[in-house]
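Encoded as C-alpha cells, the structure appears first; notes follow it.
A, B, C and D label the chains in the order they appear, each numbered from 1.
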Amino acid sequence: MSPVPPPTSAMQPVLRALRLPQFGWGSKIAALVLAVIVVLTLLAQWIAPHDPLAMNPLARLKGPIEGHPLGTDNFGRDIFSRVLIGGQLSLIIGIATAVVSVLIGLVIGMVAGFFRTADAIIMRMMDALMAIPSILLAIALVALNGPSVGSVIAAITIPEIPRVVRLVRAVVLAAREEPYVEAAIALGTSMPKILVRHLVPNTLAPLIVQGTYILASAILTEAILSFLGAGVSTETPTWGNIMAEGRMFFRIKPELILYPGLALSLCILSINLLGDAARDMLDPRLKKRAG
Amino acid sequence: MLFKTRNFDGAPVALQARNLTVSLPETPGNPQVLKGIDVTIRQGETVCLVGESGSGKSVTSLAIMGLLPQALKVATGSITLQGQDLLPLSQAQMRQLRAARVAMIFQEPMTALNPVLRVGDQIMEVMELHTDLPVAERRARARAIMEQVHLPDVDRIFRSYPHQLSGGQRQRIMIAMALVLEPVLLIADEPTTALDVTTQKQILSLIDELQQKHGTAVLFITHDMGVVAEIADTVYVMKHGEIVEHGPIETLLRQPRAEYTRKLLSAVPSLSPRAARAVADNTVLRVESLNKIYGGGGILKKLPQAHAAKDVTFTLPRGRTLGIVGESGSGKSTVARCIMRLIDPTSGRIMLDGTDIADLSRRALRPHRQKLQVVFQDPMRSLNPRWTIAESLIEGPLNYGTPRREALAEAARLMGVVGLPQDALARYPHQFSGGQRQRIAIARAVMMRPDVLVADEAVSALDVSVQAQVLDLLDQLQRDLGIAIVFITHDLRVAAQICDEVIVMQRGAVVEHGPADRVLSTPAHSYTRALIDAAPGRFWDFHNFRELPKVNHAEPA
Amino acid sequence: MFNRLTATLLASTMLAGTAWAETTVKAVMHSGLRVLDPVITTAHITRNHAYMIYDVLIAQDSQYQPQPQMADWTVSDDQLTYTFTLRDGLTFHDGAPVTAADAVASLKRWGQKDAGGQVIMDRTASLEATDDKTITWTLTEPFVPMLDILSKQSALPPFIMPARVAETSADEAITDYTGSGPFRFVEAEFQPGLTVVYEKFDEYVPRDEPADWMAGGKVVNVDRVEWVNMPDIQTAVNALSGGEIDYIEQMQVDLLALLEGDPNIVVEKREPTGMQTMVRMNFLHPPFDNQQIRQAALKAIQQEPVLAAMVGNPEYYQVCGAIMGCGTPLGSEVGTETLTQGGGVDEAKALLQEAGYDGTPVVLMAPTDMVALATQPVVVSQALREAGFQVDLQPMDWQTLVTRRASQAAPAEGGWNIFITNWMVPEISNPISNPMLNGRGDDAWFGWPTDERVEELKENFIDAADANAQKAVAEEIQAHAIDNGLLIPLGQYTLPQARRAGITDMINSPVPVFWNLQKAE
Amino acid sequence: MLGYILRRILAVIPVMLLVAVFVFLLLRLTPGDPAAIIAGDMATPAQLERIREAMGLNQPLHIQFVTWLGQLLRGDLGVSLISNTPVASMIADRIGPTFAIAILTILMSVAMAVPMGVLAAWKHRSGADYAVMTFSVLGFSVPVFVIGYIFILIFSLKLGWFPVQGYTPISRGLGAFLSNAFLPALTLSTIYIALIARMTRANMLEVLGEDYIRTARAKGAPERTVLFRHALKNAAVPILTVIGTGFALLIGGVVVTETVFNIPGIGRLTVDAILARDYPVIQAMILLTSFLYVLVNLLIDLSYSFFDPRIRY
C-alpha cells in the first residue's frame, strides 16, 4: 500500500539531542552561556566578594565603587554578590518546579491516558485548574502558605501540572494505538508493565522539552510574583526579588533591575533555545522533507 | 487485446530527459539520486516508470516539474519539453509551465487536495493562475472538465470540500485539475496505489480515455506490474537511480533482458491459486456468528451505528491459512482485531483450542494470549523503537515465565530461521529495512509458539520482491510448526499465493467463503467477480512471462 | 430646524466651555480609598476622605489648640458642662440643615469607637441637643483633655453626619455618604482602591477666619478633586513630570532626584512632625516576656541605618528617641542614647548573657507589600543578629500580618515575637491616645503588655494640673516605657509631598486637605 | 452545531463548579481577615470580633459556601467586604480597560506574529527564520514588567510619544485611547507575539510539507498564493488554539501591566482584593476570568469550522 513513513524512533533523537555537536551554532552558544551561568551560581559562595545579606544602609544605592563592582542596593548590599547568589535560588525554583510538575503530571497523565474511567474526572479537574489564571492562582497560593521558597515552588508548580497532564495523556493516547503496544498486549504483557515499559519512555522526549519550558517560565513567574509582592524574602535573594525590590529605583539606579534581569534573561534565553533545539530534533514532523 | 501495441515512433516528442543526474550536493560524498537517465515520451504515449521504493522514479517526476526538494539539485543533463529546455528556466517561468503544459497527479488523493478549499475553486484556481478567463468562463470550464472525468452530480461536488468526497472522486478531481488546461504532458505518480482495486480500475480507464481524447503524453509512475501491464505503451524499469531496461510493454513482459527486470517480474504473485492442500480436520480456531457494532451510544442523541462485522463464521484447522479479503471498510481488520481481543466483539463466539475467548476478562484471557499472535501491516511501528530486537523478542516468553537465558537462546535461533544475522539481536529497529523488520515481527510472534497467527496486511507495505520473501517465510514456518494463519489482505494476488481458504468480505458481511482455488477461479458472488476483474494485469502470468491459461469464470447467476 | 441645530451646537459648545473652565486637581494619595466609614476604621486615607466631605464641631490649629469650626463653645465654671452652638448656614449635601440632633447622634456613634471618645463617654452624664443649634454635654467629673480629644486629627476625629446615617450600628459600615463638608463625594465615580472624585459643595459656608490647619475658613477654590491611586510610585512620579497629575502626597525620597531641576514641580515637607516608625515586641512569649531581653533588643538597634535604608536622604528623617515624638510639646528622649547614637551592641550582648537567652528564634513579621514597612524588618533583623539573637524573618503580605499579630499563640504555633509599625506623630504625641502605652494586658494593643506602672503614670497625667506638670509626667512615662520596652522607637521621618508649581496655598496640616489651595491654569 | 454548543456549554458547568469550590476553599483556608483591614490599626480584638460577626464571617464554611452559591445562581455577586460596593458594579467599572487592552493586544500580536511565523517557516533555516525565532524566544525570556519599564523609558520619557500612565476609554476617541493603550498593549504583546509566531512557524512548517502544497506548486501557484491561500488557512486551527490557551497568559500579564501603566482594570482589582482578602471580589474575579477563559476557548473551538470545513459540530 502506501510507502512507509520515515522511521520515528524517539530514543535516538534524545540521545542525539544530548550530544551537543549536533546542535546548531545558536544552541552551542546557548549551552555555553548556560554553563557559565550555572558554574558561576554554583561557585557563588566563593566568587561573591561580599555576604549578600551584609548591609550598610548609609552607603546605599552607590554606583560601582571600590569593592562593589556593580554598586550597592537600597540597603547598601553588594549587587554583584546578590545577583550571583540570587541565581542559585532562581535556578533551584526553576528546576524544582520543572521536576515536580513533570513528575506529578506524568503520573496523573498516565492514569488519565490509560484508565478511561478516571480520565473524565481527572480531565475536568485539570480543565478547572487550567481555567484559573495561573498568576492569580499562584498569588493566592503564596498568600495561603506565606512567601517561603517552598510555597513559591508549589504555587508555580500547581498551575503547570495540567499542561503536563494533557501532554502526557495525549502521548499515551497516541502511543496506546501503536501496533507495538497492541503487539505487547498480544504477547500477554500486563497493563502496568505496558505503561511503564512501553508508554513512559514515549513521554520522555516531549517531557524533556516541556520541562525546559517550565524551568524557564518558573524562573520568570517567580520574578513576577516578587513584583506583585508575593515572592520570597529579601533575605533569600533571587533574581526575581532583586528586580522586584529594585523596580522602585528603576529610574535612578536601573542596574538593580538590569543586572539580575540580564542574568535571568540570558539564562532563560539559553534554556529556551536548548529546549527548542531539543524539540526540533525530537519532532519527526519537522524533519520531514518537503515533496 | 492483451497490451497496447500502438506505435509512436512517428509522433512528436513531448518530453525528453537526457543524461539527467540529480544529486544531494549538501550531503557528504555528494550521492547521486538519479544517475544519468534518459527518458523519451511522445505525444499520446503512455510511458510507465516502474521500480521499487528508492529507485528514483518520483525524483524523476519532480525534476521534470521543477519541484525538487531543496536538498536535491540537478547536476547534469537536460529536460526538454517540446524542444524547450526546462532547466535554465526561472522559477516564475516554471510556474507558468506547470499545470498549463506539464500537469501532475499524486498518489494520495486524500492529502493532495487542499482540505480547506472547495474542490470547484481548486479547479478554477488553475485557470485563475494561468489564464485571464472571466469567472463565468472559468466556472463553465471547470464544470465541463468535471463532467469529462465522469463525476456525478457536478453541481454538488463543485461546492464540496475534499473530505466530503470518496477517494476515487478526489482522484477524479485531481485529474480534472491536471487536464483542464490540456497540458502536453501528464505525470501521474502512483495515482491509484492508495485506491481500492475496483476504483483503481475506473481511474486507469479514465486516464486512458482522456489521454486518447486529448492526445496527452502520460508519464505514469508505479511499482505495480499489474498496472503497468494494463496501461503502458512503453516501460522504463528503474533501480537505484538508473534505468535498467526499457522497451515496449509486451516485449518487456515476454522477454525481459535485465536480470533485475526478471526478478521483479518473477516476484509478482500469481493470481492463480496455490495448489490445494489436504484438508486438515484438527480445528484450532472456530469463529461463530461474530458481530461487532460500533457506536450507538451518545448521551444527548443516539449516535449512528456501524455494523463493522456481521455474523462472521469460519473454522481454521491447524497448519492451514485462511485469507480474509476485501477492500477498505469491508470489516476484515475488525474481524482480525476481534479475534485478537484487541477490541471486544459485540456478540459471537471465538473458540480457541476449544475455549471461548470472546467474553473472557483480561486476566482470564492472559493464558490464552500466547496461543494467538499477530503481525501488523506497518513494519515501522510494530516494534518498539526504543528496544533492542532481543528485548522485543523475549518480551512475550518472559511474561509467561521462560527464563531469560532460554528466551535469548531461542531468539538467537529464530534469527537464523527468519534469515537475519545473530548480531541483529543487539540492534534497534531503525537499523533494519522494512522487510527485515517484518521478519523480526514474525519471529517475535513465533517466539510464543502460537497456534494461530493473525497477519493483518502483513506484506502490504513491502515491495514485491520483499513481499515474496516474507510470504515464503510464513509458508515455511507454517510447514515447520503447524501454525494456523489468518491472513488479512486486500490483495487478491497475495491471497491466491498463500491461502487455503478465502473469505470475501464486503461492508462487514461475508459474501463468499470457500477454498481459495474455487473462490478465485469460479467466484459465485458478483462482488468477488468484480474484485477479480479489477485486479490489474490479471490475464498475465508474470512469473512465467506469459499469458495465464484461460480460466473459466462461472457466469453470473 | 436650523435654529434648533444652532441651539444644540451652541449648547454643546457652552457645555464644553464650562468643562474647560472647570478646575480639577488630580492627586495621588498615599493609598487607595476602600473603606468609606470614618468611624469603623482608623485608616488614614479614610480619615482624609472624611475631612473632605464632613465637617467637625471644633478643630485643631497649627498650635495644637482647639478652635471653633462648626460650633463655638462655652465651658461651665465647674468644668462639667460644655455647650456647643452651631453656626449659621451649615447644610448637608442633600440640602437639609445641620441640626444639633445630627451632631449628637454622630458624637454618640463616634464615642463607641474612639479610644479618647470612650474615655469621655465613661465620664459623660448626658449628651443632648437642647435645641436645633445647641448641644449640651455634661460630664460627671472634670476632664481636662476634653476639647483636645474633640478637636484631634487622629485617629478618629468626630465627624458630623446626618442623624439617620449616624444611627447605623458602630460595627457596621455606613452606606449613605452625605456630609456637610466643603466637598461632595461623587458616589457614581467612586472606584474602590482606585479613584475617588469630589466636587466643590457650592452651598458650603466657610468661616471668616483664615485657614489654619484644620481650623479656620475652608474656602474651596477648585471645582473638582480626583484622588487617583497609583501603586507604583514611579508611575506617579512620571505622571507628575508629564503634568498628568498635580500632586503626590507622599514621595519616595529616593525618587526626588527625578524631579530635581524641574521648574514646574515643587517638593516640600507638608508638616513638620511626620511619622514615627517603631518596633513592637510580644510580651506574652519568650524571649520577650523577659524585660532584660527586651532591653537587649533595644540596645542592639541603632536608628540611623533603619532610617537610611527606609528614607535615604537625611534631610527627610530624624533620629529621635522620644516615644511621643520630637518637636511635640511632650516629646522627651530620655533613655534612648544607644538608639540615637549607637554603641549599645556590647551592652545588648551582656544583657542577653545575663538573662540567659537560650537562642530561641525570634519570629519577626515582615510585610512585603507595604512600602512604608518593608525595609525596617530587614535592618532590624540584621541588628538583632549581630547582638546574638536568632532571628526568623518571616515575609508575609500585610493581610497575613494583621491577622497574625492578633494571635496570642506561641510564635511556633502561628504567633509572633516582633513586628514594626508606623504612627503619625500627632497620634502618639499624647500618652492617653498613644496606643503603644496601653498596659492593660489582653485589652492592650497587639503585644499585650501588662504594665500597671504605665497605667498609673497615665492617671497622673490626666490629673496633672497644668502643662508643666503634664510634661514632667510625660518624661516619667518616656523613661518607664523605654526601660520596660513597651516599644522601640526607630526614629521619625517625613515623606515630602510633590506638586506642580501651579498648585499653591496648600495648608501644611498633618492631614492633607484641598481647601484653600489654588490651581493656576 | 446547536447541539454541540449546548453540550459544550453543559460541559462548562462542572468545570466552573469545580473552580468555584476550589477558589472558595482556597480563600477560606488562607490566613487573613477582611475585618482587620476594615477596622484599621487601632481596633481591639473585641471590635474585630463584632465586625466579623456583622459580615457573616463567623458562620460555618459550608453555610457560607451555600449562601454564596445561592447568590451566584441568582446572578448576585455579592458586596465587597471592604468598600461595601456591589462586586458586579466594581467589575463593570473596571472590565472595560482590561478588555480593550486585551483585544488590542491580541489584534496587534496576530497582525505581527502571523506574518513573522509565515516568513520564518517559508525561509526555514535562513537568517530571517533565526531572527524571528530569536525574537520570539526573547519575548519569553524577559519579565513583562522589565519590558514595560524599558518601553516607558524609551517611548514615553525619552521620545515623549506616549503618556507614561493612565487610561482613556475608547469612547473619548480612538486616538486618545490608543495613545494610552498602545504601550501597555505592546508590552503585553511581546510574549503573545512570541507564542503565536512560534506556533505559526511550527504549523506552517508542517503544512508546507503536506501533499496539497506540492499540488498547489504543481499548479504553478506563486509562493504568495501557496503561503497565504493554501498553507495559512490549514495552519490556522492550532494557531487559534494557542491564542485561546494564551489567553490565560494574557490575564497574568495584564495584572502586571496594569500596575506598571496604572490602568484601572480588573487585574489590579483582583490582586488588590487578594491582598485585602476581599473574598466576594476574589471569588467573583477568579470565577469570571475562568469563565472567560472557558468561553474564549469555546468560541475558538467553534471558529475552527470557519477555517477548516472538516470540523463540523
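Everything that follows uses one rule, which is that a contact is a pair of C-beta atoms (placed from the backbone, for glycine too) under 8 Å apart; a residue touches a chain by one contact, two chains touch by 3 or more.
Quick caveat, the model's predicted, so the values are computed rather than measured.
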Chain separated most widely from chain D, comparing mean CA positions: B
Chain pair, C-D or A-C, that carries the greater number of C-beta contacts: C-D
Cα-centroid distance, chain C relative to chain D, in whole angstrom: 39
Chain centre separation in whole Å, for chain C relative to chain A (CA means): 46
Rounded Å distance between chain B and chain C, as computed from the means of their C-alpha atoms: 87
Chain A and chain B, separation of their C-alpha mean positions in angstrom: 46
Overlap residues in chain A, where contacts from two or more other chains coincide: 143, 229, 247, 250-251, 289-291
Chain B: positions in contact with at least two other chains: 67, 108
Junction residues of chain C, two or more chains touched: 232, 369, 397, 399-400
Partner chain D, residues of chain C touching it in the complex: 32, 34-36, 40-43, 46, 113, 115, 155-156, 169, 171-173, 175, 190-195, 228, 230-232, 235-236, 238-239, 241-242, 244, 369, 397-400, 402-404, 406, 421, 435, 442-443, 445
In the complex, chain C residues that touch chain A: 232-234, 237, 252, 254-255, 257-258, 304-306, 308-309, 312, 366, 368-369, 371, 375, 378-379, 381-382, 393-397, 399-400
Residues of chain B defined as touching chain A within the complex: 53, 62, 67-71, 107-108, 193-194, 340, 342, 362, 366, 369-370, 372-374, 376-386, 392, 395-396, 399-400, 428-430, 434, 441, 444-445, 448, 457, 460-461, 490
Chain D partner contacts - residues on chain B that touch it in the complex: 65, 67, 92, 94-100, 103-104, 106, 108, 111-117, 125-126, 129-130, 161, 163, 174, 177, 299-301
Residues of chain A defined as touching chain B within the complex: 1-5, 7-12, 178-180, 182-191, 193, 198, 201, 289-291
